[in-house]
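Chain nomenclature is as follows: A, B and C, assigned in order of appearance, with residue numbering initiated at 1 for each chain independently.
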Amino acid sequence: MGFYLVQFLTGLASASSLFLTAAGLTLVFGVTRIVNFAHGTFYMLGAYFAWALVMALGTGPLGYWGALVLAALAVALLGVLVEVVLLRRIYGAPEIFQLATTFGLALVLADGVRFVFGPADRLGPRPPGLEGAVVLLGEPIPTYDLFLVAVGPLVLLLLWLLSRHTRLGILIRAAAEDREMAAALGVDERRLFTAVFALGAFLAGLGGALQLPRETLHLEMDLEVIAEVFVVTVMGGMGSVPGAFLAAVLIRELEAFGILLLPRITLVLAFLLLAAVLVVRPQGLLGEREGEVRADPRLLRPLTPMTAPTRFLVLLLLLALALLPLYAPPYALILTGDIAVFALYAASLHLLLAPAGLVSFGHAAYFGLGAYGAALAVQLGGFATLPALAAGLLLAAVGALLFGAVARRLAGVDFAMLSLAFAAILWGVAVQWDEVTGGDDGLLGIWPEAWLSAPAAWYGLTLLLVVAGLALLRLLVFAPFGLALRAVRDHPRRAATLGLHPERQRWAALVVAGALAGLAGALQTFAKGSVFPDVLAIPRSVEGLVAVLLGGLHQLGGPVVGAAAFVLLEDWAARLPWWRAVVGGTVLVVTVLMPEGLMGTLARLGRPLVRLAREGRR
Amino acid sequence: MSAPLLEVEDLTVAYDGAVAVEGVGFTLARGRTLALLGRNGAGKSTTLRAIMGLVPHRRGRLRFAGCDLTRLRPHEIARLGIGYVPEERRIFRRLTVLENLEVGRRPAREAGNPWTLERLFALFPQLADRRHHRGDQLSGGEQQMLAIARALRGHPELLLLDEPSEGLAPAVVRQLLKALWEARRSGLTLLLSEQNWRFARQLAEEACVLEKGRVRFRGPLAELEAREELRRAWLAV
Amino acid sequence: MTPLLQVEALTRHYGGVRAVDGVSFTLAEGEVRALIGPNGAGKSTCFALLSGLERPDRGRIRFAGHDITGLSPQRILRLGLARTFQIPAIFPSLDLADNLRVALLGRTRRTLAPWPPARRLASAEIDELLRLVGLAERRHQPAGTLAYGDRKRLELAMALAHRPRLLLLDEPTAGMALSERFALIDQLLAIVRARGLTVLFTEHDMDVVFRIAETVMVMDRGRLVAVGPPAAIRADARVREVYLGGSLADEASGEPREASS
């Protein structure tokens, strides 16, 4: 009995910090409609700042507790800076750019933490006065955990008091409901947004600082927490603070007890719970139903078939690539093969982002399923190379089918957050289920069969399959399938009143995109001879997104060009210690200054030249 | 004669390629009431929204109490002393009556009689009884009263009312009229858009009739009153 | 003969507001009828209920011998009831021909087909539809670049692509220039007569209403307050009340109008 009580209280204790962080995200979203990816970084910063301040101020009660609060305040201050310098530029931008911008920021900030604090893990000291443990019904529980059990409801109460009984709180709720009307009554949106963002950052910072005695500080804390925070905010209902509390408690309790029954799949349980909630209430536990989510009109651009000269250039390029083994060194084959695989991955994501209008932040899920599917087919099933590639593709397609069953009713940021959470959970499974996946050590020695093992042979197969995949995507986009998909993106209500089924159409696109991403993942497994959980990790999802945005969202060739540019950039930057900051900085530059991407920018710069040339001819 | 409180000149607004308002102009002196009349889609709401800075205008000049409104953001326009009661009221549905009024509260102006809660509740006694109810629990009439009270809570000099009588039962409309008379007696200037001619003529001295985005008539309301054929052509079935 | 559309006691609430409140009427095959009323009278909600975008709280809708109450928009469309929207609902990134192609895909249920390329499908039928609404010259223009009036035309063609028996048109001429309106309306009438369509439309331009409607229904605050031929509606005292606010006693006591003159 005592054991269960302690398990329950431990669940509540770990829910507190998660709730604080999620409350910050949901508050900011409610008012500004921005999902801040860097929110997890604020959490991590809170923890690191607290550690540094405790070291500086000493571990006396005043120093310790003062340090926690000061750390959260410092994060709030940083939040103000970020809001004023960066976010104000993107409030009007389409969602996909907002999400990508804040992700770029997260990468840059994370490297900042690495630069200041170094890569070593840090362990915080125990809080003065709460070092010991209390025995409840014969079982010990850390006193600090009991303190945390109280913190969650206390913060919920304070936030409730703030929102009900202060002018700021009332204005926040008013603006969350109808920003324009609030402005027409004299409410200065800009200052309100800054204030809310500071409050959100403060809560994340406090959430991180409070974990100091419980958790080893490490540089991946940001991404770990953001995935959980996304699950909590979507489950609780976007914008609902009490919903976030309820969801945080539910998830942590599920984990606390799930681990007793099914230690291997606690993460999967969380996702299943979320799926169940969304099937019954798509708006989340305490969320309010939103109207129809429509794609941003600025993202609705016509697709143009290739012109004859472009087609000629593409054929020429393909020929040059096919003949590459005849004149290029082996390293160039490997690099080009990497680019090809990545191009297929990015192009499959592009199908979701552009023609389907679905902002997927978890495309790595399918890449990783494909990678593991192929590896396991070889290791467990003894499959030959080609059937193993097919198995990878199939597993990814099944994953997309299942995810689509939950997510097809969602659109916009809900879809983005859920897709990220789905990938994060698969990542967790790959790490935890080490009998099958090898855990962090991965699966090794998965090489192609003999007839494919020469670099040129593998390169040839890769190129063939990638080109086939890209051709299929192109075919589909211009087929009735793609036409209907674009129509559903442009105007779902209209599409439904013309006899189309928006949900079904999106779901089908998700399966196609998932299958081809899976093929890319499977190809990578054989190219590297191994697979590790990082094929499922958040950075992998974001790399795909960056490649698409870098190349240009509005051209079908964009993801291919972007993938090439990105792989080359990464190949160069990987030698730098601060490659994350380089990649993140690139994202910031592209999303804020160059939203058309390389292809779009080239096209724009090229237009006057073409005009000049034409005039010259005349 | 002193400078008008509100001057609108050559206002042109287009949405998505469709011109909603074209070359609209009128002036409104302090303490007067002007009714923008016309059927649905005539451009009345768009005119009010443009004054509030809620839609960008393609062309034209907007001045209020000597200030150029052209480059101001909506909250700055509101703070100059313009209250806005939008079409369909747009009260904050999840906020209580008191909270709705709090959103509208601005510091009182030096001159004049500030709109305290007591004064607003005296104007709309039903709201006093329902002060702790959420916005979505109010009836249509109560919502309209709240929308007006919320705008008055900022102590405006000019009140923009977009179709205040829309969808309300006659008894409620009469009550609304009385409250607006009362508000005007304290010096408030009103600019209202209306389809409902009988309502408008109870309140306004001046009229501006819009049809298909253009001004068809501008002048004393009495003149429109005297010419039924004009009203029939532009307002009635 | 049974009517094409039978609506009985249709009701839809939003919170405490009755958007549509016990509306009943019937529509005979081939009839052209207008539904008018001030803003917020419930016309658009009525259309949303008829086309399946919203579910009624109470009431029944029978169409062409089927009970369509609460059916999905797709099912209702297949039975032959198509609609347009007040703000023209088109696919801005697709060219005009593709907009119509989408409508045809919906009709033939080929929305998942990977082959053949969409642009090879049904070109003749698309050209005919575009000609019908006078947009044949622009078939390769993205719909998002169309002027407002032309969007309305395109939308009409999309609704016609389904060969409907009943067409619901939500303010077919709103936002159009005056000269354009009559051109569109005359086109529309010609199509309707040629195909024997039944039409129910809302409209604020009374010139348009009286030009084409055989019967006019008037809504106010969720209820139908009058139904009749145009002349009778013009003369109807209740209708004048709805539009001019006649129920507000002229001599509403209290305030002298000359207060501030």
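Here is the rule we go by: contacts are C-beta pairs under 8 Å (C-beta built on N, C-alpha and C of every residue); 3 or more make two chains touch, one makes a residue touch a chain.
Quantities reported herein were computed from a predicted structural model and do not represent experimental measurements.
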Chain occupying the most central position, where position means C-alpha average: A
Identify the chain pair with more contacting C-beta pairs: A-C or A-B. A-C
Taking the mean of the CA coordinates per chain, how far is chain B from chain C in Å? 30
Averaging C-alpha coordinates per chain, one finds the centres of chain A and chain C separated by a number of Å equal to 43
List the centre-to-centre spacing of chain A and chain B in whole Å, with centres computed as mean CA coordinates. 46
Counting only residues that touch at least two other chains, what does the list for chain B look like? 93
Chain C - residues contacting chain B, complex: 15-17, 36, 38-41, 146-148, 171, 174-175, 178, 204, 206, 221, 233-234, 239-240, 243-250, 252, 254-255, 257, 259-261
Which of the residues in chain A end up touching chain C in this complex? 297, 300-303, 475-476, 478-484, 486-487, 490-491, 493-501, 504-505, 508
Per the contact definition, I'd like the list of chain A residues that touch chain B in the complex. 167, 170-171, 173-174, 177-178, 180-189, 288
Contacting residues of chain C [partner chain A, same complex]: 51-53, 72-74, 77-78, 82-83, 85, 89-95, 98-99, 101-103, 105-107, 109-119, 121, 142, 144, 158, 161-162
Once bound in the complex, which stretches of chain B touch chain C? 16-18, 20, 31-33, 39-41, 87-88, 93, 136-140, 163, 165-167, 169-170, 173-174, 177-178, 181, 184-185, 195-199, 201-202, 205, 212, 231, 235-237
